[in-house]
Amino acid sequence: MNKQERGWKQIEELAGSKGIDAMKEVEKFSPRLAKLALEFGYGDVYHNDSLDLKQRALITLSSLITQGDAGRGLTYHFHAALNVGVHQSEILELINHCSAYAGFPKAIHALHIFKSVVEEREKNNG
Amino acid sequence: MNKQERGWKQIEELAGSKGIDAMKEVEKFSPRLAKLALEFGYGDVYHNDSLDLKQRALITLSSLITQGDAGRGLTYHFHAALNVGVHQSEILELINHCSAYAGFPKAIHALHIFKSVVEEREKNNG
Amino acid sequence: MNKQERGWKQIEELAGSKGIDAMKEVEKFSPRLAKLALEFGYGDVYHNDSLDLKQRALITLSSLITQGDAGRGLTYHFHAALNVGVHQSEILELINHCSAYAGFPKAIHALHIFKSVVEEREKNNG
Amino acid sequence: MNKQERGWKQIEELAGSKGIDAMKEVEKFSPRLAKLALEFGYGDVYHNDSLDLKQRALITLSSLITQGDAGRGLTYHFHAALNVGVHQSEILELINHCSAYAGFPKAIHALHIFKSVVEEREKNNG
Amino acid sequence: MNKQERGWKQIEELAGSKGIDAMKEVEKFSPRLAKLALEFGYGDVYHNDSLDLKQRALITLSSLITQGDAGRGLTYHFHAALNVGVHQSEILELINHCSAYAGFPKAIHALHIFKSVVEEREKNNG
Amino acid sequence: MNKQERGWKQIEELAGSKGIDAMKEVEKFSPRLAKLALEFGYGDVYHNDSLDLKQRALITLSSLITQGDAGRGLTYHFHAALNVGVHQSEILELINHCSAYAGFPKAIHALHIFKSVVEEREKNNG
């Protein structure tokens, strides 16, 4: 399996068919950005055992909250974190922890996005 | 034990006598900032079981790398992460992971600070 | 009056019943983040006479403009600044001042949010 | 021609009648911010031959992507870049380049905004 | 008095002969950046009565703390704030306030720079 | 030639033997971060004809100035920009341009680093 195939498989594990669709949309408009994200990000960075997927989810979410991600990245990675087994209570506490390190406005912004993600999942599973 | 006492105890667990000394220095110049950091940060945010200290270390380091911390915060929290049992290999991979989410310049900046931290600890233990 | 009660009272002074409602919404989804914001932010940080509420409003708005707040924080704190007596002309000049220190894109982004806040207040008072 | 007149002319060259309209809207609510942007930004900074308009477009877009511009600035300056002759393929590669220096979340956020800009232009020219 | 002369006068009021020297150093290497800073920043932005110099100092410091200024800007503007009459206690509380809005690492970083500024002034006045 | 070999060659073109040495130092402490930077950054991102090396230098520098790079990255990439043929006058104007988009503090911070780079090169060529 080459890096790109590993990348697609990794996206599926993190984000399911919705993740695949999102990357296909990127690929349609910019095949090269999709290729870089697949090979480098999902195929290479994630392909290493020093950290497991739950640890990577905490690191990713903290980075996105701190950089003030406008919404797309946080929505995607809140779903991904829940998909790989991070508990809702762990994500809520991660947001609390970030309030001390990145300030309350970014924590509260993230909380509202996480709330939408949880509500969407409940609706789909309801 | 009140929040402030819990705060001092938490600092000691994370950062030992050097952490205590650093906060004492803050306290001498700004008693109120030290009080806020102790009561809110260390006494309250950290005082919750939804995340353990190793998970908090990953979240803190990712936030500091992403916000481009100039050095003091990263140095303190690289030590703290190693003190609470995060392995050197996990921190190195956290830096790799951040290269994809916050860019290479911040990852490489953090790597050089981490290298200094590791070298200092080896010298002191040597 | 304990810190949490002080926090609710402070929110009411800054942001009125809409502020109370916003924090109640946070509290419903994350009681602990609301508690941290109330006790630390509104109950403790604001509870100090070295700066008055108008000065704090200038500091808060400059921080939010500089960190590129996506909208929720700026909307809330533009209202709060007007509520505690900062003049519209002072806020406009604060945005001008920030253009030199944080760049024009963030200043113009903030201006459009402030314009919506002013228009909403005029409609409600009209 | 004074700085302000040069500023209006520069906006027209970069952003056409839509750019003029956007600045008129800023001017109506904050005459002084419009004046500062016109005289300093467009009338003075841009009025220098050491860099041409295509080079300035690359620099502006990289700054906006890196600061995580929420949308208004990126939309405006993607249009401006295309208007002064930067090719679509150059902008796509600029976004790829930024993925290494500012991280993938900001690159992918920018890609979606650029996609909207391209689609809008195709519709208007269709 | 033209904008540039106003700019030099404004720098002197804010930062005294050290401020003049710092801008002369910028001017020697980049006459145009000095001219832009003098005419736009000090000659134009500051030349407006909607905010006084103490209010501008609070806004500037909050922006610099929030953007994680590495040191030069904070050192210059801590001196300037004290020069125009902002009390040391107000600056300490501004740093506390920023801990809630921009996070503790940036607040503590700023505190150490402010401490150096205060110590330098005490030594010079001692 | 594989990606990693292309990466080393690209570094040499940008940054000469000093660049090679810097990456060897990274590689010694973190072989995997060096590999990611070489294969993804230098071997893949740079390996595309849609932008030439001078355009990439403008984009990189604007990103580093905007993210408030502490020094290492800016020093490296100011050298690289001069090495691939960006004129000193173009870099000075890039810094001026960034003052409008990222604010004066980051522009002036970058100017001082660029000054050191120019002085070092003059000394070595003197």
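Brief remarks on what is shown
Here the chain labels run A, B, C, D, E and F in written order, and each chain numbers its own residues starting at 1.
What we mean here is this: contacts are C-beta pairs under 8 Å (C-beta built on N, C-alpha and C of every residue); 3 or more make two chains touch, one makes a residue touch a chain.
It should be emphasised that the depicted structure is a prediction, and the values quoted were computed from it without experimental measurement.
Contacts with chain D and chain F are shared by A, B, C, E. More C-beta pairs touch across one of A-E and A-C than the other; that pair is A-C. Overlaying chain C on chain E by C-alpha atoms takes a rotation of 180 degrees, rounded in steps of 5. In this assembly, the C-alpha centroid of chain B lies 29 Å from the C-alpha centroid of chain E.
Within chain B, the positions touching two or more other chains are listed as 32, 36, 40-41, 45, 48, 63-64, 67-68, 70, 92-93, 96, 99-105. Because contacts link each chain to all the remaining chains, their graph is best described as complete.
Contact residues of chain D toward chain F in the complex are 40-41, 45, 48, 50-51, 55-56, 58-67, 87, 89-90, 92-94, 96-102. Taken in their complex, chain C has these residues touching chain F: 100-105.
Residues of chain D that touch chain A in their complex: 68, 70-71, 92-93, 95-96, 99, 103-109, 111-112, 115, 118. Of all the residues in chain A, the ones that touch chain D in their complex are 26, 29-30, 32-33, 36-37, 41, 63-64, 67-70, 72-73.
By the touch criterion given at the top, residues 32, 36, 39-40, 44-45, 48 of chain B touch chain C in their complex.
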